[in-house]
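Should a chain be cited, it is by its letter among A, B and C, assigned in written order, with residues numbered from 1 in that chain.
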Amino acid sequence: MQDSQFVMLLWFVGVLAEAMTGALAAGRKRMDLFGVMIVGCATAIGGGTLRDILLGNYPLIWVEHSHYLLAIILASLLPVLIAPLMRYLTTLFLTIDALGLAVFSVIGAQKTLALGFSPSVAIVMGVITGVFGGVIRDVLCNEIPLIFHKELYGIVSIVTASCYVILQMADTSAWISLGVSLWLGFSLRLLAIRFRWSAPTFYYFDKAQ
Amino acid sequence: MQDSQFVMLLWFVGVLAEAMTGALAAGRKRMDLFGVMIVGCATAIGGGTLRDILLGNYPLIWVEHSHYLLAIILASLLPVLIAPLMRYLTTLFLTIDALGLAVFSVIGAQKTLALGFSPSVAIVMGVITGVFGGVIRDVLCNEIPLIFHKELYGIVSIVTASCYVILQMADTSAWISLGVSLWLGFSLRLLAIRFRWSAPTFYYFDKAQ
Amino acid sequence: MQDSQFVMLLWFVGVLAEAMTGALAAGRKRMDLFGVMIVGCATAIGGGTLRDILLGNYPLIWVEHSHYLLAIILASLLPVLIAPLMRYLTTLFLTIDALGLAVFSVIGAQKTLALGFSPSVAIVMGVITGVFGGVIRDVLCNEIPLIFHKELYGIVSIVTASCYVILQMADTSAWISLGVSLWLGFSLRLLAIRFRWSAPTFYYFDKAQ
């Protein structure tokens, strides 16, 4: 019970961070408040929603518990209120966002395992939960998804979800699997930001195009 | 019976209007007839399809009644035939489109309530049915969705769906709920066009980006 | 048994070709290896995945057989290794891609018929399976989908899927339906490339926009 409450708390941190990245991206495109709300919500719950649709896992969390949606809508409108403060909060915001990435990757893998799917599907779904909120955000903002060409965001998600799944397969206790993989993902992301690590780029040029 | 036939007629008006906005958007991008057809159909049935996927409500309407699809395909190709006339029909077209928005928002909410979901989910699904056809259209046309930064389209959808749900919750008769919310949404949208009302914009700028 | 093994082989050819078009498109946008992998996989399995979600046909193939996913991930990373060779392989690549289009269109229609849906739904699902991988690829790469404005890609898919469904409705043997429609789609696509055939374009211009 305490376990699931702690995961729930982490999930809210992740949703809050994602909703804020969505709202800020919408603000950069000078969207109106409706746009900010939709992009914020889609960023926050898009990854998990896509995972559950791919798994056929109904009802969706925010359809069953519709009061969550109200919290997510409020979170997506929060940056509008605190925008003038945001530039002083960059470090705090990046830290919360890094925590959100690790949390979503672990929760995505955890839920998929709990539904009885294979470890490799659990890793894939952890990554989808972790990064596709951001992909949907950037598609709605008419940008190439940031995670496809910048920083170790995607790789961090793969490492985090894999770490959790491997520890669970090795019959490690739930708490240790959760703690170790969260800590690994969180610190890897912060190190990637700090030292500007990024994955190797593939550049293809052909005259035909 | 008459009730559902009337809603059905309104639904066709909405689908026709949406298919036409999709086809015109495709024409602005100089797409070929295949592109016009796909964008037209995706605009017309995209919102309702997304709603049913999110609710896990199968089979989809156009999969079960595949003759509807033929009508939608024809509607999406109609603007190609009447394009030279379209500029004289702008007012008629905006009026049909406004009616379509109100109809989709109400139908989306109505179907969700009928499936036994909560009032707040019904409002959300009304809005998704009302506006996501247009979002999918703009994503396929590589534009920032119009409804995220122009006019009161999204807000009208929220007001219309909320009005219907609140009236239904208050045990108002089906006809009055339908009529009042359609009338409210339709006139609000026309007033927004006439007086260029729009929702407040959020503009966020940071050097980091 | 041999029948399904042959279709399976063709399916792998299609998936390989689609994963490669995705990876090359990602390379043109200078994405990193994570982006290449996601865009490659989404292109390869996006069309079939969308079909199964629209039909409510769970579990998805790559969720049930997760080892397929490993093959698709490897296929999406292949172009990174052979990129310097790709410009000498253009003809081979276009040929494989044409085969992939025909195969996906037929398989999409076949699976939909096997699930008991109507012939017209089968044609629609054949087209969705055939072309939506490419649509998702171009949306993720922030481009207007190529198939909406270039060459006979979409029309070939419609013709191929329709041919298969009509032959099956006429009680033609499975092998002949498969062979004739594959051959028709494959040669039509190659002819379209060779003679630069394309569908008529719709160009709509209005001052209002």
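One rule holds for everything that comes next: a residue touches a chain if its C-beta (ideal position, glycine included) is under 8 Å from a C-beta of that chain, and two chains touch if they have at least 3 such contacts.
Note that this is a predicted model, so its numbers are computed, not measured.
**Student:** Looking only at which chains touch which, which shape fits best: line, ring, star, complete or other?
**Tutor:** complete
**Student:** How would you label the subunit A and subunit B contact, same or different, if same means the shared numbers make up over half of all numbers there?
**Tutor:** Different, since most residue numbers here occur in only one copy.
**Student:** Need the CA-centroid distance for the pair subunit A / subunit B, whole Å please.
**Tutor:** 29
**Student:** Hey, what residues on subunit B touch two or more of the other chains?
**Tutor:** Only 53, 56, 139, 142 qualify.
**Student:** Name, in rising order, each residue of subunit B that touches subunit A in their complex.
**Tutor:** Going through subunit B, the ones touching subunit A are 53-56, 117-118, 120-121, 124, 131, 135, 139, 142-145, 147-150, 153-155, 158, 198-209.
**Student:** Mind listing the subunit B positions that touch subunit C in their complex?
**Tutor:** 23-24, 26-36, 38-39, 49, 53, 56, 58-60, 63, 66-67, 69-70, 79-80, 83, 86-87, 90, 139-142
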